[in-house]
Each structure stands twice: as C-alpha cells, then as structure tokens.
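Next come the structures, one after another.
Okay, so subunit A shows up in both of these, paired with subunit B first and subunit C after.
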Partner chain A sequence: MTRSVWKGPFVDGYLLKKADKARSSGRNEIIKIWSRRSTILPQFVGLTFGVYNGQKFLPVLVTENMIGHKFGEFSPTRTFYGHAADKKAKRK
Partner chain B sequence: MARIAGVNIPTQKRVVIALQYIHGIGPKLAGEICGKVGIPAERRVHQLTDDEVLRIREVIDSDYRVEGDLRREVAMNIKRLMDMACYRGLRHRKGLPVRGQRTHTNARTRKGPAKPIAGKKK
Partner chain C sequence: MSSRIVVAQIVGAHGVHGRVKLKSFTGEPEAVFAYGPLTDASGARSFALRKTGTGKDHFLAEVEGVRSKEAADALRGTLLHVERDRLPEPEDEDEFYHADLIGLPVETTDGTAFGTVKAIFDFGAGDVLEIDHVSAKTVHLPFTKAEVPVVDVKGGRVVVNPPPNLFAPAGPPPSEEELAGEIEVEIDDGEPGDGR
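Up next, the complex of A and B:
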C-alpha cells in the first residue's frame, strides 16, 4: 500500500534543521542520522549523511535520483559472507 | 500477414487474442485497443482490412509503450536502482528476490536451478 499523497512525504523534523545547518555552515561534513525511515527530500541533494545501520554510520552522498527513497535503503543492515560450499566451488 | 508493432505476425486468431502476442499488451490493453479502433470481438486477424490494420498500428504507436521501448524502460529502471546502490539495487545485482521474500528456501525463480552442496551425503 502506498502512502496517501495528502499526508506528504514522511521526514523526521530534526533532519530539516540539521540539513539547513549543514548548508549554511561549511560543507563536506557528514551529518549523522539515525532516522532511516525518513524520505529523502530535494533539499537534501548534495549533502552527505551518515546513515546508521545499527553498527556504523555509512556515508551516503545524496544524488538527485535518490529523491523519494528512504535513507535506510542506502545503508544495509546485514552482512553476508557467503557459504563455505560456495568458496570451495570458486577455488576449483 | 499482419505486422503490428515490429515483428509480431499472429493470424487466424481473434484480434483481441492476437494482439496479446505483442510484449506489453495483455487482455486489458488488447480490449482497449479493439474498442478504440472499433473492431468487433469475433473478427479474426486475417479478416482485417488494410485500413483497420493501419489504425491499430497508429493507436499502438501513439498511446502505448510496447516491445523494445518497454523492455528498454524496464531495464533502465533496474539499472537506476543498481547505480544508486540502494537495497533493491543490491538485490538485483546479486540476483536475489527484491521484494522481501524468504530466501531460506524457494526463491528459485531468481536464484536459478539449485546447486548441490558438497559433502552433504549420508
């Protein structure tokens, strides 16, 4: 089910303030955020966010075609090391 | 012989059915197109006049995205996801299900035929 349009995109409010601050002050500093659920808005383009994946803040440089996606999509929470059998198969 | 939207040449069948041989046209769009051109449901493809074939072609060209164009669009959408390195893109890259299905078992459509695991006998 898609979100109703009349509600507008969901963003945690403090992100807007943080983004504004980063814009007005010097650039290139990573904005650490925990809010993986927030939508990426047009005013975030060009900024770098550190999106928390439960362990680390992964740097995400927001580009134009990321608009409308959520921050969490760019910071995977699981590590997959592959299976032992796969490694054997590759060595041969 | 009727060539509509590139390579598709279905004859003998009813127009509504024959149109569905085109990639990107299913039951719904086929019915819609027949309605727009004004072809009765019972008409077969070989009974179409040249004028009707022409009109069908025009309607499809102007209003619908089919065959190569459609395939290209889908491929571009997937490529966009992969270039962005978002979760769905990563799943596409790895050839795993994209929409949150389980992969513990099943998921064979995406993963392909099962690979045997070495040393699992006895």
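Up next, the complex of A and C:
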C-alpha cells in the first residue's frame, strides 16, 4: 500500500540538517548517512551522500531524476562482480 | 590492461546436433555475435558462432566444427574472449571501457599512491569506482570530473581528488531525539484528511 499523499514525503530530520551544513560549508564532502528509508528531496540535488549498506558508505550523487526515490535504492546490500566485457563507464 | 577480454561463456549443450547455450556478458547481449570469431583463454582455439535462438537468460548458438552433443558438452564452461583491439573506441572522451580501467594504479592530485581500480559499478546514481586503497581498505568514489580529474588509459594511471572526509569516522549515529519525528516537508497539494 502506498503512503498517503497528505502526509508528505518521509525524511529523517537529521538528514536535512546535515545537508544544510554541507551545502553552507561549500566543501566537496561526502555526507555519510544511515537513513536508507528517507525520500530524496529537491534540496538534495547536487550533493553527494554516502549511504550505508551495512558494511560501507556507498557514494550517491543526487540528480534531479532521483527525486522521490529512497536513498536505499542506490546503495545495494549485495554486490555482484560480473565480467567487465565491453561495458563502458561514463565520467560525469 | 588485458589484451583479451571475456565476453561470453558456453554453459552447456542444447539438443543432440551440437548446438550450445551461450551466456553473454556484454552490455548489449546480442553484441557478442558482432565481434566475429571468439577465442578461448589461451587464444589457441577459435570459435565461430552463429545465433540460432534465444533462451530465458541465454542464447542458443552453433559453433563451427561442433556437430555432436558430446562435442558440445566438452565445451561446457569455456570462457570466450575477444581481443581488446576488436572493441570499437568509445565515442565520447569521458567514456571508458571497464576492462581498460580495472587494474590501473590510482594516485592523488599531489602524486601520492592511492591504490588500484578494482571494479566499476552503476547502482543507479552514476558510475562508482571501487578502489583497493594502499591501506588495504576498499573505498568507493563517484566517477565524476571533480573526484576523478584525470583518466590516462594509455599512460596507465588514474588521478583522484578524494573528498577530505573519505576516511573520517561517520560521526555519531543519530540520537533517539533526532530519529523521533519525521520532518514536515511542504508540498504543493494535498490537505490533511482530504482522502487523497
């Protein structure tokens, strides 16, 4: 069952404080968070979060098309090392 | 940078006429048939493939010179390689083959050794470099121009500009108070109790 719209998106409170602090400092820091359940808000765009996956903090660079998703979606708890084959990586 | 790259694996025989099941590892699965004859790990044996069908998570293919189930069974588990030279060069200067990046030494902007590229992942938030750090830790860096300003595949090096707090402790976990209430976020539509 989906969350009622009238409640608004769920975000852990400490996350907004951390994001505000990082944005005001202007430094290129990773914001380490544990809150995989929080929704990605528009004010997080452009920031890099380190989202804990139970072992380590995986970097998540927030872009516009990630708004509305949860942080945990971008930090999987299991890792599969496949063959590189002809796969390409693009530097943003 | 390895000159021979694994692109597929023969996972078993299909039928009694020597056809094989083929698992493709390429970004676009069907591209495995576009690279021409593939070789085994040593490069001694060549495999000319022809696609004959598609399975649930594999292709069915004919291998030139293989006409019996026994011969196809003997190929089970064979990893099929392609020469790196046969892959087309990336069109964008900021695009790199994973195979080119994996294993490259990494240094910081001031020339200090940082580690070695272990893997590249894309979990949906852009590409992430997994680096074996010189301290034996594994670190992850977003594959951006800010964090990875120089990628010199021919020169065999990657230069990174790691965030200052990369190895800093994450700080205390949020307190009970901080986790007690969720933040009210203003949204444009929706009134409490309007049933939407």
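Just a few scattered comments:
The definition used in the following text is that the second predicted complex is superposed on the first by the 79 of 92 C-alpha atoms of A that agree within 3 Å, B and C clash if a C-alpha of one lies under 4 Å from a C-alpha of the other, contacts with A are read in each partner's own complex, and residues count from 1 in each chain.
Quick note on the criterion: contacts are C-beta pairs under 8 Å (C-beta built on N, C-alpha and C of every residue); 3 or more make two chains touch, one makes a residue touch a chain.
Note that the coordinates shown come from a computational prediction; the quantities given were computed from them, not determined experimentally.
Once the two complexes are overlaid on the shared chain, A:10 sits against subunit C while remaining clear of subunit B.
Judged by the touch definition given at the top, the superposed model places A:58 against subunit C, while subunit B stays out of reach.
In the superposed pair of complexes, A:48 makes contact with subunit C only, with no contact to subunit B. In the superposed pair of complexes, A:74 makes contact with subunit B and with subunit C alike.
In the superposition on chain A, contact of A:30 is made with subunit C only, not with subunit B.
Put simply, more of the residues of subunit A are touched by C, taking subunit B and subunit C as the two choices. By the document's definition of touching, both partners, subunit B and subunit C, reach A:66. Shared interface residues of subunit A, touching subunit B in one complex and subunit C in the other, are 63, 66, 73-74, 76, 83, 85, 88-89. Within the complex, the subunit A residues that touch subunit B are 63, 65-66, 69, 72-74, 76, 83, 85, 88-89. By the touch criterion given at the top, residues 5-8, 24-27, 31, 82, 87, 90, 92, 94-99, 101-102, 119-128, 138, 140-148, 151, 161, 163-166, 170-171, 173-174, 178-179, 181-187, 189-194, 196 of subunit C touch subunit A in their complex. Within the complex formed with subunit A, the residues of subunit B that make contact are 80, 84-88, 90, 115, 117-119. The touching residues of subunit A, when paired with subunit C in their complex, are 4-6, 8-14, 16, 27-30, 32, 34-35, 41, 48, 50, 52, 56-63, 66, 73-76, 79, 81-92.
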